[in-house]
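Down below is the structure, laid out as structure tokens.
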Amino acid sequence: MHPVVRWFHQLGSPPYFERFAARWAPIAYIAGLLVMAYGLYGALFVVPADYQQGDSFRILYIHVPSAWMSMAAFALMALYAAIALIWRIKLCEILAMACAPVGAAFTLITLATGSIWGKPMWGTWWDWDPRLTTELILLFLYLGVIGLYNAIDDRRNASRAAGLLAIVGVALLPVIHYSVTWWNSLHQGQTIRLFGQSHMDPSMLPPLWAMVIGTHLWFVGSLLARARADNLRRESGKDWVAKLAEPRA
Amino acid sequence: MIWSAAKALMIRDLRLLWRRRGDALQPALFALLVVVLFALALGGEAQALAKVAAAVLWLAVLLAGLLALDTLFRGDADDGSLEQWLLAPVPLSWLVLVRTFMHWATTALPLLVATPFLAELLHLPHDQLPVLLASLALGTPLLSLLGAVVAALTVGMRRSGILIALLALPLYVPILVFGAGSVAAAAQGLDPVGALLLLGAGLVLALVLAPLAAAAAIRIALD
Amino acid sequence: MSYQNYVIAAYCVFAAVMLWDFIAPRLQVRQQLRAARLRATRVGKNRPNEFPLSRE
Amino acid sequence: MSEFEPTHPPLLSARGLAFARNAQPVFGPLDFSVDAGEALLVQGDNGAGKTTLLRVLAGLLHADAGEVSIDGRAATASLRSRAVSYMGHLPALKSDLTALENLDFLCGLHGRRRGQLPGNAMAIVGLAGYEDTLVRQLSAGQKRRLSLARLWLAPSPLWLLDEPYANLDLDGINLVNRMVQAHLRDGGAALLTTHGAYAAPPVRTRMLVLGRAMANA
């Protein structure tokens, strides 16, 4: 058997996944933290203030990576859910449900930083800018998936039902985005493009890429940690969990 | 076989509706109440109401449909009929489609019939009425189909009232936007056909995909 | 014009949510292990006994 | 009269069938088969997984391991829908409809065995005269008899009966036995779960006792 296939197959057994996640989650967290530290340092101190927005544009360095992460996490969740539904792989069910809280956290960051960044621009905390509205609805989709997962008692049914909702959600997401953009153009004409691709001079890019990579690494760490918790919860009856829980006398 | 099963299901639903004809008017009454509340909240003055009439009517119909969603599969799941549907020699998605059509016909259709009357209450300008009815005619089946998927997802649970709303409303956003938007576009003199065609496209897609998703959800829920 | 405090506010929100995202799973894992430890000791307690029940 | 003439392969057979819920094994790997003209009595105390086994065979639940074959062929949804009639704890009857209306719907859904009319099926199960009463007004035993009438009208050769004797009086138990006997004579098969308290129907029967599932199967 091809080593990668064997590895993936091995990962399917809960005790092996427990050891794998316990080892790799902290590593991914720390790596993410380091890369983000570099990115934040660059964002806050190295990059010159913007002539028009002053320092407030530095919020871009956490807003944009979080926005991309919230979309990527939802797509990944739907992908895991599809695999879990079609091939009934328990590991993918756990990973799909582990994506939801992390994705919701990044969506929350995107919304909060977006509204804080918009305050000096629009004078209000909230503007029905198409992208912010889509992000808000994305948060509702995340909360829907998490709510459904916790509402059903049987863990496997819950993850498959919530997985199906994630797939329906990811199919409708572009439609929601398009409809909100169309709606905006109908009512307010073109507000100033807050997040328009204003000309980014090259010196501003490295911290942005560092932040993007950092958030992705952090995402992997958080995903593994949450999957580990859910895995333990599902296997709580088995004796390998009891042995693991034994206080190391 | 397909048509006999569909006929049997339709006759059954019509008989059930006739036995419970007292409840058949509930969605229409609910929509009327929502309209009255909006009118009171907005001060009942004609100009103010006319501006938001289409949006209020769309919201009233959408919320009435949402409330009726819970009864879509719950009755059949509780008395064991849903299990027999799974064992029928007819695809489950076909039965779900027929059931959703009957549910739409018994809840949303009365609302469509009542809309002109409700529109009068809100002083809706008469030229907007045709576009509103067209958008509702295309939008409400779409709402029922997407709602069927959400109802199927939550059929296995006891207390799922609010959860259905939390799951369904984000999915309803595009339908509400294009529905109310088409009337708003018509009001501004723009051509509403674009939005209506998009609603039609969504309806055609949902007619095929939603029953499949709902059938899969029912299998998961009864698992 | 520097909007300094907006930047600080945004970064505080970022740090707070990331911190929660770091702590939540660790709490869950610890809670699961504690529950498993409890279950392990509970199994030992009630042995199925055979002697007749009486209610004088 | 049934479409499945008694061919060589067993009407229903299961190999290595296992099911677990939330990582707790419900029943261990099972191997059994039922031939046409035969009944399989599944016995076991509460929680042994009898109902779960029947729901797996009916295709309502997805087994974790092993496979089920009908008439020698792997059990697919379409094959099951033609071959299997499942009667669970829930009566699958609409309480707002009359007895006859319920039978009309269920026959429309599952198809009806040639030469059988809802009217005389109700007479057979002892509900003559109740055609127009609402199911809501029937007692639990009478609802069970109405489900048996639906079973009698179903064209499928394999009956999966989950505790068919529940809520039935002595005459009802006798009725179930007579129906199973007649069904088996027609080349059908039946799989019944009981608590073992009732006499098995006087036909060729096999036993399958579900013990406590092994802890770590």
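Here the chain labels run A, B, C and D in written order, and each chain numbers its own residues starting at 1.
Everything below uses one rule, namely that a contact is a pair of C-beta atoms (placed from the backbone, for glycine too) under 8 Å apart; a residue touches a chain by one contact, two chains touch by 3 or more.
What you are looking at is a predicted structure, and each value in this text was computed from that prediction instead of being measured.
Novice: Taking each chain's centre as the mean of its CA atoms, which one is most distant from subunit C?
Specialist: Relative to subunit C, the chain whose C-alpha centre sits farthest away is D.
Novice: Report the chain closest to the protein's overall CA mean, measuring from each chain's own CA mean.
Specialist: Chain B is the most central one.
Novice: Applying the document's contact definition, name the chain pair with more C-beta pairs in contact, A-C or A-D.
Specialist: A-C
Novice: CA centre of subunit B versus CA centre of subunit C: separation in Å?
Specialist: Taking the mean C-alpha position of each chain, the two centres sit 41 Å apart.
Novice: Report, in whole Å, the distance between the mean C-alpha point of subunit C and the mean C-alpha point of subunit D.
Specialist: So the centroids are 45 Å from each other.
Novice: Report, in whole Å, the distance between the mean C-alpha point of subunit A and the mean C-alpha point of subunit C.
Specialist: Taking the mean C-alpha position of each chain, the two centres sit 21 Å apart.
Novice: Between subunit A and subunit D, what distance separates the C-alpha centroids? Give it in angstrom.
Specialist: 48
Novice: Got the subunit C residues that touch at least 2 other chains?
Specialist: none
Novice: Please output the residue numbers of subunit B that touch at least 2 other chains, ranges allowed.
Specialist: Residues 223 of subunit B touch two or more partner chains.
Novice: Find every residue in subunit D that makes contact with two or more other chains and list them.
Specialist: Within subunit D, residues 62 contact more than one other chain.
Novice: I'd like to see which chains touch which, written out pair by pair.
Specialist: All touching pairs, sorted by chain label, are A-B, A-C, A-D, B-D.
Novice: Going by the contact rule at the top, pick out the subunit B residues touching subunit A in the complex.
Specialist: 149-150, 153-154, 156-157, 160, 163, 166-167, 169-171, 173-174, 177-178, 181, 184-185, 188, 190, 195, 202, 213, 216-217, 220-221, 223
Novice: Help me check something: in the complex, which residues belonging to subunit A touch subunit D?
Specialist: Interface residues on the subunit A side: 88, 154-156, 234-239.
Novice: Within the complex, which stretch of subunit A touches subunit C?
Specialist: 25, 29, 40, 44, 49, 53-56, 58-59, 62-63, 66, 101-102, 105, 108-109, 112-113, 116-117, 119-120, 218, 222, 225-226, 228-230, 232-233, 236-237, 241-242, 244-247
Novice: In the complex, go through subunit D and note every residue touching subunit B.
Specialist: For subunit D paired with subunit B, touching residues are 58-62, 78, 80-82, 84-86, 88-97, 101, 104-111.
Novice: Considering only the defined contacts, which subunit A positions touch subunit B in the complex?
Specialist: That would be residues 85, 137, 140-141, 143-144, 147-148, 151-152, 154, 156-157, 160-161, 164-165, 167-169, 172, 175-176, 178-180, 182-183, 186-187 of subunit A.
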